[in-house]
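Next come two complexes built around subunit A: one with subunit B, the other with subunit C.
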Partner chain A sequence: MTLERIKPHLPWITLLALVLIVGAADSNFLRPQNLISMTADIMPLFIMALGMTFAIYIGGIDLSAQSVANMTTVIATVTLPTLGIGAALVCIAAGLIFGAISGYITTKLLVPSFVSTLAVGGVAYSSAQYLSGQRALYMDAGLRDSSFGWMVGKTAGIPHEILVGLVLLLAMLFLQSRTTFGRALKAVGAGELAAVASGLNVTRIKVIAFALSGMLAAIAGLLFSVKLSGGSPTLANGFLLPAIVAVLVGGTPLTGGVGGVVNTLIGTLIVAVIRSSMLYFEIDATMQQMVFGIILIVAIAATIDRSKLRVVK
Partner chain B sequence: MNGILNRETLVKWAPLIVLFILILFFTVLEPRFFSVRNLARIAISSAPALMVAIGVTFIIIMGSIDLSMEGTVSVSAVVFAFAFLALGGTILSWAWLALPLAVLVGAAIGFLNGLVHVKLKVPSFMASLAMGFVGTGFALLLTGGDRIRVEDEVFRGLLTERWLGFPVMVYVALAFLLIGWFIQSRTALGRNFYAVGGGEELAHASGLNVNRLRIMGFMLAGVFYAVGALLAVGRIGIAETATGNNFMFMSITSVVVGGTALWGGVGGVWNTLVGVLIVNVIGNGMVVIGLPGYVQDGVLGLLVIIAVVLSTDRKSVSFVK
Partner chain C sequence: MYQLNKVDKKFPGVHALKAVDFTIGRGEIVGLVGENGAGKSTLMKVIYGAYQPDGGTVTIDGKTVRFQNPRQAMDHGIGMVFQEQSLITNLTVMENIFLGFEKQFVRFGVVDWKAMAEAARKQLAKVKLDIDPGMITAKLSFAQRQLVELAKVLTLEERVEGDLVILLDEPTSVLAREEVELLFKLVRELTSRASFIFVSHRMDEVLELSDRIYVMKDGEVVDVVDQAAANIDSIQHKMVGRDVDKEYYREQRQGAYDPDRVLVSFDGVTVPGRYEDISFDLHPGEVLCLVGTEGSGREAILRTIFGLEKPAEGSVRIKGQEITRFNARQSVELGVGYVPRERKVEGIVGGMNVYENMTLSQMGNYSSAGVLRIAEEKALAQKWIDRLAIKTPSVFKDCGGLSGGNQQKVVLAKWRSGGSDIILLDHPTRGLDIGAKEDVYDMVREMCDAGAGIILVADTLEEAIGLSHTIHVVKDGKTQKVFHGSPGNKPSLFDLVHYMT
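Let's look at the complex of A and B:
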């Protein structure tokens, strides 16, 4: 089947085509400076999508990512004055813990991931409200720059957000393709029952996958809060839909097992190009959510592996 | 055998017992909790939530899930408000037509939802989540982010007119609860929901058109979401993109806490009534005894997990995604 052979290459072909179409309509779009700042702006979303990739890769979903990111914008802002750069560690630990709890509830207590992560998201939202006193908080500019200034600076014209995203991508790529955990993850994604039968500790692998998702959502929140110099329980609202879209249009299907973190980079860039193309084509910003919702449906339907679903519930 | 029987009895009655304990608990801590005024307050916040939760109950009984309620509620509310104002702005004119129109819109979104799920063979949680995003986006597109005020006194009578201390909207919600109960227990449609939830392959083998049934289920859910949207607009007098906010978490929580199992085939609209009351009693009670309202989401999150764990027969489920 030729279609089957083209399918893995569709994401980057789509990205290239979109870039060319938007570039043809307005050549300003293709200026390196514009492309770089577009990429830098999408980095918090990319990091969240990077984590979401693991949850989707094993056939689950993480609906708590946005709430966890919201929570860490608050944690980062609240702990910055006392802990300085240590605030990052608290954020990462909080993300890991919330993700691991989702994973535990899903695998050990047999609660489907869309419910367990929704519930854990509720807990994260409550925590954010509690920590922030239900207000939007602001970081002290001096403190922010001394602890986290390195996250948002520029070197040789390259914004540091891109470097942060790149380092995380390389780390996750290493984890996915060069470690036993990565291979086990692939086995679980390809067929959970077979993975159990071959003696893998599937519970542990799935818990780690959700923990990674939580951790990266937390880092996304941290970067976003440093970028905006503040935190609030609703700061990262609007991240969930594009994050899921990024994973799916990148070519990691809802049924898991194929795709991976590099696909998610491509998917995120597709999201970024579509977003800025709406600007160039003067499409009203209020259309954006609807457009992404429709793209999500198309992407799910096009990528999902129906042979894995005996009954579509 | 005895153990299983015990668990089943516990699961069946636990929600009602929990509701009574909660009411007792809050009343002991703060007697004002049990005043007619406060009970009416609980009933008012429960009424729209009950409609949405009943809608999704049918879907969960089928063993599927519907996460589109936030978008559907927003679109129905906004379309209602626009049509209502365009047709005269008071129930006493042709503007009453906006009521059935909103319900039709709800049904249409449910129909689309069902089509995406069944025809594109996409799991319902994702098909409906995506449709929900589209719905919210569409509502945003219609309003451009504005709020639409519906100030007709007759329509707002849903909230302001009271019988026996409770506003009209509570009685409207009860009437639709009875309709939901009728559909669930006295129609072929209702019985078929349970048949699919109990075992889809069996239902299919016995000649049931499962795909058609699913689409009808999503349409029915859409109708109830639209009724919920109308009550929500009646309650605050405003329709906006955010009208649907928080309904997803609230309604799924209510249904599950009420004892309708996520695996399908078990539970029903009365369970959902109990679940909605539990959720709203907790929300209201925490405020009445002086706890900050935001603790609610956290407590509900924990409650959902406990409820799903309790209702899961661990022998019949090997793994979940």
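Let's look at the complex of A and C:
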């Protein structure tokens, strides 16, 4: 069996191996209770990574995801008292708009996505600061529970965050594999020039991909803010790097065209296992970003399709 | 003495070189001919170190060598003069000549420009080019640039010990006849300094210049002939593997087109910098061929019809509808199908399977409210796999792994299955083997019989003549001449070349 044939299976093999290694080091890790709560804790990150998958799948990236999520924690907290559950719609709309703007800048003004999304992220971050008056805000417990209590409850021992993540995963999986948009997305990721030569509206497809990324980042922010019962312009800091890592180690390379949302689920779980293993192995929390930075570099180097790159700048 | 012994090279789906033996002695000029896809460029890339052979050995004066990259080949005296000129046009002539080898002129960390100019002058003298080495390369004519490239390769003479082998890839394609003669004279004189491998499509030139000629077909050397024994007909015969006759281009199946209906109409259309004042009508059942050299504007005309290039002047009508907003979506809806030259990059999407590729341009027909009806897509793909005899294990096969001919069939099936009846073919047979080419010719005739109109940019002039009803010769973006041809009454190669250059 050659490396090329093993490659698509590497993500879940890695996940399984990691679980077994950490489990061998500390058998408490394998307790269902622990695995479930680990999965529930990672859900906001997973939802952000789910969106990031679309941006990376077309060969771009969305560096604004974390700032958009930060912004929606503030929006959710600020609008909750007046709008109730309607706050969710405002968050989703804000995410869609910011993502679509990134997509527009990337496709129409031909600014590479790592710059356009960085800039849009700056705007989102700054909006969050303005809206919050640069303070950490708190949700009223009663209001939160009446509007969004369903997001963080438990049914039969399963935290609802997991169900939210699962529903979004299935929706995105359907979008990816059964719709014309998903097919077009695949064509743009795997062979953009051929997509153009088949008469597809590549610009529109890319804008939608970035809009989806923004929307899911916003939902991630909403869920996180409900979970922590508050919002602040820095609440979701530390999400961006692991979200990108989750997509890449899941098997969607930076050059796009292969992988997808299921891969990102596996990638996110790998991130979750690495994160909790750091607790078990008593690695200082401040070193987390360092670890993810290193994993990111290794993951990119291992998965990138060099035949698609002519010149690296 | 440079030698290849039983050199083999494989790519996914293609056996590009099959046990090729090749020898070139000191001061010899060796010609290399073969159709597109016969393996010439692969062989050249092996020789100058861009590809590493999978089997066999390369020896220089009996010693085995293995080049990891062109630089190592250069260190052994092997240089390449590229077809698509490799000079960097915003650098000076001398900077180009010594690009990557400036070190010899560096004194205390700075370049001694005077010394470089002096050395460059010496190199230019070898090719009898009397220009200022400090000149910006963009100001030179194409013929002069070609000589600068040659001068650049000749710097190897001072740098390496032993004999030089210089590859000339289509060096005459952009030259006028007098310039060609000057180049040939020069090459003959330079045989005291180097041996040459000469690759060209122009058979007469190969015969004129070469001492020996290697004839390639389907990755093999099928014959080696001495100049004295060579004749064009027998070489062409060996290249193609049979007589190039009318049968080959399916001329007997060329029917009359319908002159009363017009599919595409160009009236005085201009895209600045690409082409000017182009007018023609394409009728159902017609093959209209655009003939011209590289960059003459042929591709830009195709791109305009497909909606990718917006003209500044003139009127474009597709099936009577005046086109004002140019985009590919609209052209596809009007029945235009585009078979691009870069099959692997623009034609098919590698990584997507057969049915996904076939419905890519017509997903609307296979979906309800944006949700794909995948079962119908598979049925469509299976139908066209049978109809065009596409060799694939199943509809799930990644198109990137199919052979070139089958990829081209998938691209054609994509358009035909969607009902496109204005087919733009850009080098549709490039890189295909003979059998696959014939399949494409068959399909061209079938599409015409079914009432489609075809605009063709052919791979060779023979192909253009053989297939077309109408030929527009384009030079520098302007129509020079229009030929009409019916079976048995076609313009000759000479007629076309006369207007092309």
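To be clear about the criterion, the second predicted complex is superposed on the first by the 312 of 313 C-alpha atoms of A that agree within 3 Å, B and C clash if a C-alpha of one lies under 4 Å from a C-alpha of the other, contacts with A are read in each partner's own complex, and residues count from 1 in each chain.
Here is the rule we use: contacts are C-beta pairs under 8 Å (C-beta built on N, C-alpha and C of every residue); 3 or more make two chains touch, one makes a residue touch a chain.
Everything numeric here is computed off the predicted structure, so don't read it as measured data.
A simple residue count on subunit A separates subunit B from subunit C, and the partner touching more is B. When both complexes are overlaid on chain A, the residue A:L193 reaches subunit B and subunit C alike. Contact with subunit B, but none with subunit C, is seen for A:A119 once the two complexes are overlaid on the shared chain. In the superposed model, A:G84 makes contact with neither subunit B nor subunit C.
Contacts of A:L109 after superposition on the shared chain: subunit B is touched, whereas subunit C is not.
When the two complexes are overlaid on their common chain A, residue A:L254 makes contact with subunit B while staying clear of subunit C. Residue overlap on subunit A between its contacts with subunit B in one complex and with subunit C in the other: 193, 196. Contact residues on subunit A toward subunit B in their complex (touch as defined above): 58-61, 105-107, 109-116, 118-123, 125-127, 129-130, 134, 192-193, 196, 202, 241, 254, 284, 286-294, 296-297, 300-301, 304, 306, 309, 311-313. Of all residues in subunit B, only 63-65, 67, 116-118, 120-127, 129-138, 140-141, 144-145, 200-201, 248-249, 252-253, 256, 262, 264, 292, 294-302, 304-305, 308-309, 312, 314, 317-321 touch subunit A in the complex they form.
Only residues 306-308, 327-329, 331-333, 338, 340, 342, 345-352, 356, 359-361, 363-364, 367, 370-372, 374, 414 of subunit C touch subunit A when the two sit together in their complex.
Of all residues in subunit A, only 178-181, 183-184, 186-187, 190-191, 193-201, 257-258 touch subunit C in the complex they form.
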